[in-house]
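Here chain A shows up in two complexes: once beside chain B, once beside chain C.
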Partner chain A sequence: MGFTTLLDIAGSMIIGGTLMMIVMRLSDASTEKTYNYSGELIVQQNLLTLAEMIEFDFRKIGFCNTWNAVVDPRTNQPFVSSQAIYYADGSSMSFYTDLYPYNGSLDSLRYYLGPTSECSSTPNPRDRILYRVENGNAAVASNLGVTDFRMVFYDVNDDTIPPPVVTRGLIKSIEINITVENVAAYDEKYSNAFWKQIRLASRNVSRSKTDN
Partner chain B sequence: MSGKAILIVVIGFTLTLLAVGQKFGSLSNRAVDNYVSYQSETVAHNIAISGANIAANAIYLSPTWDDGYDNIPYQGGYLDVTVDVVDEDLGLREITSRGIYFRDTSEIKLRIAPSNFSEYAYYSNYEKAGPTSSGTIWWTGKDTVWGPFHTQAKLSCAFHPSFRGKTTSHKGSIEYQTNKKTDSPVITGIYLPGKNLEIPTQAVENLEADADDDGYKFDGQDTVYLLFDKDTLRYKYSYKNKYTALYLPSAAPNGLIYAKNMVVRLKGTVKGKYTLGCSSSTSSTGKGTVWLDDDIVYNTNPLKHPESTDLFGIIAENYVWITENTPNKTSINIQASVFSEKWGFGAYNYDKRPVSGNINLLGGIQQNYRQPVGTIDGNTISHGFTKQYRYDSRLAFMSPPFYPGTGGFKIVSWFE
Partner chain C sequence: MNSGQSLFAIGALLLLSLTILRVNNNILLTDSMMIDSKFGLIANSIATSLIESATEKYFDANTKEGPCLQSALTYPPNKESGETKPFNFDDFDDFNNYTQTDTVSSVIFYSKCIVSYINPDPENVGSLNNSVSTRTWNKKLNVYVTWRQNQQTIGFSADTVKQSTIYSYWFF
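Entry: the complex of A and B
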């Protein structure tokens, strides 16, 4: 009888231990998957936010809500919409547009990617901040986990233009590539998402006033 | 007892897995929602763009079209288009196009204004000097055209001429003197082959009625010498005579000066917005010709003062010639938009006159036949002028009074 009891106890300990391990493993896997799935959802949402913001601004390159001539601040000549982009390189671009409330006065907008050192407080070593600067004011940004922001510029013949582009009027369409990752991840397994706009052509840039 | 324990364990596991599964399912649904939302916004936006393009095309085919579209099914969604007249006098219109796709709506506003020929830095119907001319007039490496360019013929290039603006041609292909590598043009802008824009044939004659109504008309003489002296116009009918002065704001309130069946000799400084028309009543090309005897410039140079309101148009039925004389031997400055209905703008005696510097044009040239202004030997000018044509950007927004229209509209702005 004593031996049987011992066997019962040992067996129940083994089975109980196995069950405990299963539960703990389940908990661990559940936690990991929750973090990973949530992280992927956040990455997707961040990417969507960035894509919408960039499309919203870039589609208005060269737009000005007035019938009359406005003066280009850089040349002191009448503003020509096809020359709205006045500086562009692989990860930054500056151009003229008319920002809300679209009052017919030229505004400048600049997008540029900050260095990785600005995000040293996050576990992800690759994340950077994408800045948006209106009219030379203080940059406004939040860390959405951007790890790559690249633009490729095309001229009227759909040939690529080597950066930096300082000749106004050359750029007719833009290819935009954005990669976003988690700023922090479970067990350093970062999720990433990629968005590419193959050809974004602001209609105010890729036409002149004589389009009819 | 052990059965109950097992049952509790199983129930526990089930509840735990249900909770975890519900969480994962929620995350997946939200991810799909994000994707569907972006896709829906994009489709609505594309429908709106399509509506704007369809409406713009409808106005191109029929300039008075303003019917719009109401809830038209399109690409799985709907499109609405309205056309509003913003300024009846100036003919300004706004097209609003809405694309609706499920719960997303996207709106695009398109502004259009009547188009006229003064918007072109350069326009030609034929890239040759006359109906019987066989030689090709080449755009050369020393030629620069700033601003919108159009020819109804082919674009003929030698040694990389430069076109800094929208460039279009009706006949399509670019013609190279030697080959593409040696001669291809440098175009900072758009090149659109296949665009058709015909020159009007009654533009000059139509000016007479406007000149009779609040303009000033010269009539009954062979030649008139015109000297613009800011807001005074000095004129005489013979070279030896003294000038008679006219105060232009009183003499031509609508800005139109018309020389009927005459030859015009022109020079001076223009203050204000004026157009000079010169017609011919015969088939001879002597009358209806404007001779530029010296510089014709603005009182306030728009290159230095972009707020300048001085604007000048020259509309000749036949030629606009740069006179071969002493003042024009060392370049000529022309600040005007020049329109030649039957012939063209050029340098008289272009192939025999000495090398005369540049034609510094600020404005535009629109002509039926392209007249030469000089000759080249290899890559070197041997007679006449080189072309430094610069577009007056103000012409995108304003035009000289009564300048010939193209019959269509231009897109002033596109908001999306």
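Entry: the complex of A and C
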């Protein structure tokens, strides 16, 4: 075997090896992207589910099917819809509304964000559970990868109200910020999606602006 | 290596190069679609916010104190002097031609609102989309949000999110 043949073999091995590396890199990138795209899709679907649920509930703050026959459970006085929110801070809110089947009795609803320690079994260190509690019953939740759930409250003059807000009737509109991430991701590259509801004004709460 | 083998090698490399380019192209295209989809969500939230903000206002500047005649409604829909931002708008048609920019995650979103009178006809669904040049008890707000174009082209680019709402006047 001559020197030229050896050179040919060595050259082929180098080029073959380089091509093999390229193909493997391509395969790795394709796999990573496949996982990322599925993750991104899941994140966006989760965010949309959350946004729909929150908007549906928050828009009905203060709603009651038999509005003129209801007594406020906290004051035993006739219920005033503009005072439906009885506690609010940056990541939780409690209010009165009339939940399905809209039977005219006042229900309490509470949203709050759990601690990150509850989701320590997931690879994402930031994910938390957003809880929904009806009438003080057991909290209902699923881990949709919420990493941020932040609310800002505004009064009738559109000024920010510092949390916690315990004075009833103060809040007229709410800014909602939600960030959702994957609970697990390829190579820890978590996708995220963001929802910013700059103003959500429940009809029953904001309408009181004209009454006052 | 004879010339036949060389040709095969060149052909193989060419095929590999084309495959890599195709895969890269697909990855970039899907990335772009994913980003558009993500920004579309934010654009939708901005549009919803503007609609929320508008529908909590009075129907018209002349219905603030109570009912008025149809002929007394503001025409064309427009804001009054001193009203510049949604927080000092007092009625629905102040949002006509209102524009705003929001920066979310370093991306600038341009929004534009158009308010017009409409005359809904139960037998003609299309009437909900046709603005009329007379005063009616129904106003329609169209909100356009985009993250690519400047404000002058909002509503004309394919990636503009459009949301609408109809606001009617009722007095009991």
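Note that in this section the second predicted complex is superposed on the first by the 183 of 212 C-alpha atoms of A that agree within 3 Å, B and C clash if a C-alpha of one lies under 4 Å from a C-alpha of the other, contacts with A are read in each partner's own complex, and residues count from 1 in each chain.
Simple rule for what comes next: contacts are C-beta pairs under 8 Å (C-beta built on N, C-alpha and C of every residue); 3 or more make two chains touch, one makes a residue touch a chain.
Predicted model only: the values in this text are computed from it and were never measured.
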{"item": "Clash or fit, chain B versus chain C on superposed chain A", "value": "clash"}
{"item": "Partner chain in contact with A:Val166 - chain B first, chain C second, else both or neither", "value": "neither"}
{"item": "Which superposed partner A:Glu40 touches (first chain B, second chain C, both, neither)", "value": "both"}
{"item": "Partner chain(s) touched by A:Asp158 [first = chain B, second = chain C, both, neither]", "value": "second"}
{"item": "Partner chain(s) touched by A:Ser30 [first = chain B, second = chain C, both, neither]", "value": "both"}
{"item": "Partner chain(s) touched by A:Met13 [first = chain B, second = chain C, both, neither]", "value": "neither"}
{"item": "First, second, both or neither for A:Leu48, with chain B first and chain C second", "value": "both"}
{"item": "Touching partner for A:Asn204 - first (chain B), second (chain C), both, neither", "value": "first"}
{"item": "Chain B versus chain C, judged by how many residues of chain A each one touches", "value": "B"}
{"item": "Chain B versus chain C as contact partner of A:Tyr102, first or second or both or neither", "value": "first"}
{"item": "Chain B versus chain C as contact partner of A:Met21, first or second or both or neither", "value": "neither"}
{"item": "Superposition clash, chain B against chain C - the stretch among 56-64, 146-154 or 254-262 that is involved", "value": "56-64"}
{"item": "Overlap of the chain B and chain C footprints on chain A, listed as residue numbers", "value": "19, 23, 26, 30, 33, 37, 40, 44, 48, 51, 157, 203, 206-207, 209-210"}
{"item": "Parts of chain C lying in touch with chain A, wherever the complex brings them together", "value": "1, 13, 16, 19-20, 23, 27, 30, 34, 37-38, 41-42, 45-46, 48-50, 52-53, 55-56, 58, 86-87, 102, 104-105"}
{"item": "Partner chain B, residues of chain A touching it in the complex", "value": "19, 23, 26, 30, 33-34, 37-38, 40-41, 44-45, 48, 51-52, 59-60, 63-69, 71, 76-78, 80-82, 102, 156-157, 167, 169-170, 172, 203-204, 206-212"}
{"item": "Of chain A, residues touching chain C in the complex", "value": "8, 19, 22-23, 26, 29-30, 33, 37, 40, 44, 47-48, 51, 55, 157-158, 173, 193-201, 203, 206-207, 209-210"}
{"item": "Residues of chain B defined as touching chain A within the complex", "value": "9, 13, 16-17, 20, 23-24, 27-28, 30-31, 34-35, 37-38, 41, 60, 86-87, 90, 92, 111-113, 115, 119-120, 148, 164-166, 187-191, 303, 306-307, 393-394, 396-398, 406, 408-416"}
